[in-house]
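Scrolling down, you'll hit the structures one after another.
There are two complexes below, and they share subunit A, which is joined by subunit B in the first and by subunit C in the second.
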Partner chain A sequence: MALPLPPGLTQNEVAFLAEMEMVTVVPRQRLDSIDLLGGKTPQLRPPHRAQLPLWLALLLKKQRRANIVPPAWMHPASLAEIIHRETKEDPEAFSPPPPPPSRALYSQPGTARRLNPSYLDDFTQTQQDSQQDPNSILSSPFLPSNVAESPAGYLPYHWLEVAEALLTHAGDDMPAPAGEVRSLLRDLVEVRAAKMRSSTSALEGFGDAYLTLRGVGAMELAENRAFLAGLVDGVRKIGASAEATRREEEEEARRGGDYGGDGDDDSDEDMGL
Partner chain B sequence: MSYYDIDAILTDAEKIPCTFQIDVPDLGYLDNQPGHTLKSGSRVALPIWLAEMLAIANTGAVDMDDPSQSSKSFITFDLPQALGNDVVQALKADPRSVPLRDQSAHFYALATHMMELSEEPELSAVLRKTFVSRAAEIVLHARKVGGGGSSYHGRDGGGAGGKGKGKATKDDNASNLGVGGAGEDFLRGLDEWERKLFRSAHDGTKASKEWMENVKKR
Partner chain C sequence: MDIDDILREVDPVSYQIPQETRDLQDLTRAWVAERSTPELLPWPSNGLFERINDKIKRQIEKVEEMTGDMDPKTNFALIVIQTELERFKYLVRSFLRTRIAKIDKHLLHYISNDNLRTRMSQIEEAYARRHQLLLHNHYLNSFLGTFPPAMQNLNDTAGNISMIDSPDLDSAVFIRLLKDAEIECHGVDVDGVLTGKEGDIVILRWSDAKGLVEKGDAELV
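Presenting the complex of A and B:
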């Protein structure tokens, strides 16, 4: 029997993966460094803050051995600003993702370079060469997007999962009443879902059409993946015969010794970007 | 389309109007004249899988003395009524109000197959636009039926006034047997491709809702 699950990840799986994100924690008890597969966790010496993976932070919080510091973008003011941006300023595209972390480049004043201080890396290696570190990781959950220093006003990839987890288990650590933050989050979910639905209208026109999904969160992707894939596949099938005819004509034109014109313009590599 | 695909098999069973180009002895019963020859030029409705083979194959007989009589196909076919001009015009006018299922349960599959057999650029453009605009409507209904109602700020009006009743799927526990309306008619008029889209959109919404509610239990 075929697997009944939709293609891709389910919501529970996405939430599980989101627990790899790093968050800032204020410990209440001392804890030594733990040797994990990904590296050593930092030593917890209260009241100094430390960065831990979310799953460990939630565990310590449940045991009352730490408090979690919510990231800056979860503040109600930040969420309200994001909602404003989604509805008024840019009703077509999603709000942009947070910029990758960067530091000033001392050898060339006025410029910055990307850096990725994941807990795997050694901080010293990033100061050496002035070129971009070829190994810098730019995908969640290795981006530090949920620690206390993360920039406000941007929604990181796992925003919904992390926000819900923090509200549920660490609601008392929030700077504002959890109810307020939760209602703002629900608003944001609805706005973006409506935007995702209306973004499919870009496919109506003839020719190459694409949907921009920059800034979409993980949970939203999991929800809409099956539908969007089905929709784009349907459009492909409807246009399949016209596409085949067009390709044949191009082949004939090319083979007919006529090398001018759009021999290579409409090749498969051209994505219309 | 794959050989074992049920939808492909069902689509190919749909009938299209064909015109015989030659006389065929003993096939008169197709035209309600059993025992007689089926005359060239008579119109019969044949299933696609048969019509396709007959239309593409030709008789193979080449008449050396009279070149104008050289091999022609057994039949020629037209578009089925489901893809007829009035349907196309109705789709151009308002794609969301046409109940495609009444035309054919496999409307898009049928159209795609016919477009493979003969060139129909206008049909292709109309269908693409229809598909996309109806898909937007479908996902709207899927969200409503999936129970996305509690904090719904009414950002988009939607097709139905109240919650439309979705078709009974195997796992349709979100029993929103609410007031039907224009929504219910729309959902009843979906063809197979659109039903699959509805199912996937509905499942996605339902899973999200379940996850949100279960976050507290972890």
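Presenting the complex of A and C:
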């Protein structure tokens, strides 16, 4: 009954997690608000748009009760710009993740504040601070990174899963023919996979303490997780005795340094006298 | 503008993220964290699981009621509720199974240490103790009984090596930084200090990342 998997999310679990992302939906039929375990769904009144989790949006789309509005970053122009950035401007690292969402404040016109806890529109910052846990910072999949208003030109964390799901089930809602978007996505997948492979080859002789992968996507992480973690763990186990001796030497040097320092002070005082 | 948006702006006191959504986020974070670390994390405090269990039970009752009065209008709502219920149950089941797998791997380690024992829930602790008892008795009946009595214990710490397996606390984990932070990291050849910005995804040792994750400055990915 216990889970036999090694630590780290598998690709299926990442896909499950990605289905919790919010997307914008244009309903075709009225639907009342349903009381779900994760909160109430918004009331659907065509033609007003609403934000729903991806799994629910896909369910409605399959039953032809709604159309999904693809996020702005999936537009071919945006994808082309991202590909350009990945290949020409920054061939080493991945393209940066989307900036954290900010909203204008109702209470202080002209001021923008970081939207901390929610995908459900803005409310005043003071209420937020007093009534909620100030340490709760949102991150994927609870950030609004795939709704229609998300910024274009940035790939959110679950980009591959969401793009695949939307292309498969809502291909007719895309701003351009699905074939074009799919080919651009394939190019993007290729470029990033190549970067991932080259970053792992740089890990040969990995003796560093950490490795930053800013901007990597969820599925890419899941695919390479076993390899990367195995590599780092393997290097650590092989170098365990070398590391232990290095630490002992550093301890010795530090303790030896202390004695040496006292000795120098004494001799300086003597000299001064 | 939606009437809801107007109401929200005018009366922010009564509007905040509902407890259910926050529970879902907490449950998801706890699930991802538990799936990613090599050691058992503390049982979520603030009554998260008791609330979720209650809600699931009530939702199952609601589904049974709704299936009774079949009406084309409520039919669709029923499908949605059932789908979401299955998703929730999957999260809860996967979370609990991961924890049981970790406990099973290092039974004595988690039972013998007082600090670690508090990380388990009461049911988990009872399960761990009984499992350990069964295993030990099975070993005694199979082969351990033939050893001299002094060698029949499973928690021998004589010599430099302890018999009790501990999880490897230096395994590599992937974290995402939620705030800008400076982390001291240990490596094989060098020890470094990582200046991370928010949104960075870093791979480092669990022993280095643990402090940040517990504080809430980083989350496991």
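Here is the rule we use: the second predicted complex is superposed on the first by the 209 of 273 C-alpha atoms of A that agree within 3 Å, B and C clash if a C-alpha of one lies under 4 Å from a C-alpha of the other, contacts with A are read in each partner's own complex, and residues count from 1 in each chain.
One rule holds in what follows: contacts are C-beta pairs under 8 Å (C-beta built on N, C-alpha and C of every residue); 3 or more make two chains touch, one makes a residue touch a chain.
On a predicted model such as this, the values are computed, not experimentally measured, just so you know.
A.B. asks: Just to be sure I read the superposition right, which of the two partners does A:A194 touch: subunit B = first, subunit C = second, or both, or neither?
C.D. replies: First partner only.
A.B. asks: Give one of first, second, both or neither to describe whether A:Y106 is in contact with subunit B, with subunit C, with both, or with none.
C.D. replies: It touches subunit C, and subunit B stays clear.
A.B. asks: In the superposed arrangement, which partner chain does A:Y210 touch: subunit B (first), subunit C (second), both, or neither?
C.D. replies: In the superposed model, A:Y210 contacts subunit C only, not subunit B.
A.B. asks: A:G239 in the overlay: touching subunit B, subunit C, both, or neither? Say first, second, both or neither.
C.D. replies: Both partners, subunit B and subunit C.
A.B. asks: Using the superposition on chain A described above, determine whether A:R225 touches subunit B (first), subunit C (second), both, or neither.
C.D. replies: In the superposition, A:R225 contacts both subunit B and subunit C.
A.B. asks: May I ask you to name which of subunit B and subunit C touches more residues of subunit A?
C.D. replies: C
A.B. asks: Report for A:K40: first if it touches subunit B alone, second if subunit C alone, otherwise both or neither.
C.D. replies: Second partner only.
A.B. asks: What is the contact status of A:M20 with respect to subunit B (first) and subunit C (second): first, second, both, or neither?
C.D. replies: Once the two structures are laid over each other on A, A:M20 reaches subunit C alone.
A.B. asks: Residues on subunit A in contact with subunit B in one complex and with subunit C in the other?
C.D. replies: In subunit A, residues 206, 225, 235, 239-240, 242 are touched by subunit B and also by subunit C.
A.B. asks: Quick check on the complex: what are the subunit C residues that touch subunit A?
C.D. replies: 2, 4-5, 8-9, 12-13, 15-18, 20-25, 28, 32, 35-38, 52, 55-56, 59, 76-77, 79-81, 83-85, 87-88, 90, 94, 97-98, 100-101, 104, 170-174, 176, 178-179, 183, 185-192, 194, 196-205, 208, 216, 219, 221
A.B. asks: For the complex, which residues does subunit B have touching subunit A?
C.D. replies: Residues 108, 111-112, 115-116, 119, 121, 124-125, 127-129, 131-133, 135-136, 139-140, 142-143, 148, 151-153, 155-156, 193, 196-197, 200-201, 203-205, 207-208, 210-212, 215-216, 218.
A.B. asks: Which part of subunit A faces subunit B closely enough to touch in the complex?
C.D. replies: It comes out as residues 6, 10-12, 15, 164-165, 168-169, 183, 186-187, 190-191, 193-194, 197-198, 200-201, 203-204, 206, 219, 222-227, 230-231, 234-235, 237-242, 245.
A.B. asks: Which stretch or stretches of subunit A touch subunit C in the complex?
C.D. replies: By the definition above, subunit A touches subunit C via 1-5, 7-9, 13, 16-17, 19-20, 31-32, 34-42, 48, 55-56, 59, 63, 65, 96-97, 100, 106, 117-118, 120-124, 127-128, 131-132, 135-139, 141-142, 206-216, 218, 221, 225, 228-229, 232-233, 235-236, 239-240, 242-243, 246.
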